């Protein structure tokens, strides 16, 4: 799993690993080091007798947001740090990996070792940063006027370019249970604290669309003047549309009346059948409003997902190396619910708040999730940048309503 | 009802009615004119044949946020407008009131007139601005180094200065119904669109405190270093505490080791038995966290309120002219739930989102509530600045998590 | 002289005296109090035995920028202070004036009293604020969408509406003397410290235009695309033109292809023969550049002024009550240098730096002028808002290059 | 000369060449490319028949501020561009150098070729960026918490650590001539347009110190509370001291009561005998004020420099590879004026304005100097980062009063 992080960075030049065009996006070098710092801080320092840190100042440089662990580089300044060199960061990774192997060897595979939970968390954390690396690299290269490709070869165009028709699927009203519930087939039994406790939630009858909204459908909204009509927008969204002069999703470019998209393969024609992505919550909500539908709540989404029982294996995840959502085949069964996992994170109209009875962890790891539980929206389902083994139906991702640099998309409800 | 608005402004000088120390606070002159503009725009222009507007440019000056009604003065610039003079604004009020009487006379008391709903909305809107006038005037005078009193006489200190002891009241888990439900005794049958539709919501067993948190209790948090310890705070709250150097609720002042509060009666000693007020959501949440409890959700709050069936008439509202929450008498019944209505708005840990099935109104009035449904928290119960006839258990107020200039307080749940 | 300050404020409503639309502009109430504070602080407190201050907190409220005298209201917050009421400020003026009369009576006309210089400075300071009141009131009323007039009657249009032709007047190169030099006919012998010491300065032969640039001439620059062509502009000026979207001088408004100007008499047609005013240094310099000429230095300006020996009495000053520069009569002698004093402050291309040998005063009054001697440009000659007795050829006014709210104009040199 | 630019960058890693910690500082990669773009744009495109640009988009990426040459990357975004790779920039340099050699060969050494002046300007421009590279690299590495050294070896401490005593040298008053005047021994006869025309300027008798102010002298100011006393400071300087919390010159660090300085060799003890550097104009002026002296004007500086006729060859320039000003030997002749050239740029109290009769060049190169002639101060004499062949007594450098990242120092006058 650690190797996959470095693999993602392999096509980059050292220069690419340093810059930070906006505060949300961290330099790849920082991701490589921060994930390593996580293992060093929470496992090696605590549990490997005699462990000596690789470099005294790395704790200051590569702590992300843990107040419990002291002061750190201001987030906005990550892109001003040329040192340590990339080579030193890779040496740091090797050093920590080697010591982690010693630590694991010492426990001799005993699943009851005291650090098993933290070790699992470190791996999950590594996967989260793999996804961020994919999206941050895209943003970094996209802001460059040369529009370089991360992966120069153009992917074979998926055979389906006509969108499968959208259909509404009814979901029965219920007092269901949401949140993480260990299942027989679950490989690790892992979940984040924010998925707990499982609890009952009531939803009325509703309908969900059987697939994600496509670029073609969203383009109609753009062409109908959706970005020029305040009536579809939440007030803060409309202010943003005007101050940022948004005209379309992030990465869309109009050239001579034709729409292109910046992708990991450089500028590519807009595939009308593929799911729309890189939209903010405001755009997702405005689009839904324009169609007369709405976004689902997270309880609706999860209860529907449990109802339709998606097969995780079938999704379009990081491992596909497409780095882009793909069209639903035109012959997909209209009465099944597709693309629930993978392709795009789906904005819900639910605030990222604690579940009833939520308990954050003790110590520094208590800062992992809980302190972000205000002013953000829940997203569900993972994306084409999510490792397949990382996602599940109870997984709660969260972003502020204006964010667009993740693979975020739209599924309609009514 | 219109007279009450002017009554609130009577102790002010013309100079006081013009200034705007922060963007949230509007000049009293603006409130006086804006509420009038509401009747002119939505009733007289639409329904009184031959009506001529008082002044062509007032629609530009006194439109608050209705995009449907065209451009308007930037909100941050309200305090730069010395004209129209206050006298002209009172003439505007008289002119519109007179024409409203003509309009009402023409309908001859017919409750089925087409504008009955909008007329009722205009009255409710007037009441909302009465509350804002009370809190905005307090803020305006408080920022003045002379700390002038709005109402110079000091109120007779309430006889109780020892706080009634707090007690936990159990509320049974249930699939209850929240949202506005017309009752037999309801005088108007009015509610805002955001209280609809009534719908079922599930809550598990929980407990609610029988009264609001007091100044004395909150002072313990202050003295225990609550504002210096990140562990109690949401991340964005902690950033704010540091950047704004918050040390205590708004209006608290420490002088020679003694705490005072700025009130409508000038600086007064802190009454330890009175409910704490002028706290942000972040402070309310941090305080709750520090005690080991939490804030209720809005469903919990409303279902508890319906369970304990408060008598509206008993609360401390605008009409008491205290302009401050008052202590619960020490002999109050510990097994009843007190102060649910009046005294302080109670922060809930629920986002201000649309209820399932919410429909905004057609036309410009569709902008009244719906477009604010993101990034704000719901508050319940009204305050000492709320007109008594304006509040009900289904009423949803909403503010951003950092706001403190309203009479906002804390009730604990667990 | 004190009465003139109140006279300027007489047409205002109390509401007008409170607001501050931009940081540069102070509320009239503040000017009325601050000039009074000056006499109280530097004269009554120091020299009148037993004097008791009018109000202990006024020193905090009405100190402008004297660090020597302690903390004070932030400049940007002057417009948030509704109190003290305007009536109290007038009472403050009366109280201080009365005590000043006692102080002056006690000195029995002795010109050698120790406070004679500071008293003279207080009067000059009062005059400076009279000019600021005229320009600040104009700005305050201009930002109001109602565009109210300070002085409703329209002035009789001056008989001359055709501009006198411009002519170049040669000035011989010389090693001249600039700075204040007491003259026989000088009534007070007063000057500011920044006019001292008189010293020698060398200028080469140059030419100066015999009058100010007119609105008509400047309009040609506007119409020729001057605000759209970076080549005429200093870099920082061009950035400002773009970020502020300047298209013309301050207060110019285009309506249906016709240019109007906001004046103390409300919106008026642009008089093409009148001097252009309310231009920044950047605009003055760009205009000069466009014509192929340049702005004079302050040494050139003063040596030319001494060469052409203007009669002060002839100018258009505050006492004319026109509040606007007026056209040069068409039959004005072309070989004389007109409008050197009054009408408009003339931007020079000289930095406001200390003269060689400059000594600032001891104590708090040392902060009067010296600490501003960087990043500002010198202006010369006074304006239609300057009291006639306040100006002289050695007078150095100073503003930042972007300021436009004073009566600033353009005289060309080459 | 081109090789020297690359030599300066040789100790850097690719990562170091990309970042931009503040807007004033450009990434080294950008300097390498921009200087190359200068030759391509102004020479090869114009004068080499059939020349094909290296890359069509480099004109957009590497234009600094020439509006005449179209749009360009926002200055603040230079540090977000990871591409082109450093290797491509070196290839760009080689490509342009090779074509420049062809162009020069074609002119066959004819000094009358039409592009001779622009070629000379290109070389001078290259030297200016060599100095900027030295100072920008210092800033980039200094902001890194690891405080890496550009040049790890510590320089041999100069033998003199006691400062030569300061002495005042009289300079006679005169109507002298300043500005560039070609001399017999001048190798190139080059000067910038801002040094022209030579013209007469009058100065009165004055005195100049015989050397630069030292760290030891400046430390006394720091210790005497100079940064805590507003009386020494210009108003805008004092605001900056407070908002930026300046306590000492840039790069000074206090550790356990001992002062260190960040240098190109990492953190080093403060050498009390060496000239103080990295001070803003505000600090230079405040220091001078504190001592009772003042800064010289640029006319004083240049006339003194001509009077004392410094030998250029003797200075401490870029070629010394010290990257730091060095102490004046204790036995230096007290009646000579030392360190006029090299070591530190010397702040003058003169605005960077056009000389009388200044003409900017035609076309895009007219933007080279002229458009910056406002709001900046003149500095004279070059520094330890200036190439020796680049400096002369008429050379006018210019920075805003708050800038500290250049090697700026203080010479006193009175």
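Per-chain residue numbering starts at 1, and chain names A, B, C and D are given in the order in which the chains are listed.
The rule we apply is simple: a contact is a pair of C-beta atoms (placed from the backbone, for glycine too) under 8 Å apart; a residue touches a chain by one contact, two chains touch by 3 or more.
For clarity, every value in this text was computed on a predicted model and none was experimentally measured.
Each step here moves to a touching chain, and the least such steps from chain B to chain D number 2. For the touching copies chain A and chain B, the fraction of interface residue numbers used by both exceeds half; the interface is of the same-residue type.
Chain A and chain D, compared by their mean Cα positions, are separated by 47 Å. Between chain C and chain D the centroid-to-centroid distance comes to 38 Å (mean Cα coordinates, whole Å). Multi-chain contact residues of chain D (touching two or more other chains): none found.
Across the whole structure, chains are in contact as follows: A-B, A-D, B-C, C-D. Interface residues of chain C facing chain B in the complex, by the touch rule stated above, are 13-21, 29, 57, 60-61, 73, 77, 79-86, 140-141, 143-146, 148. Those residues of chain B that touch chain A in the complex are listed here as 65, 67-68, 175, 199-204, 206, 230-231, 233-238, 281-282, 285, 294, 297, 349-351, 353-354, 356-357, 366, 371-375, 377, 401.
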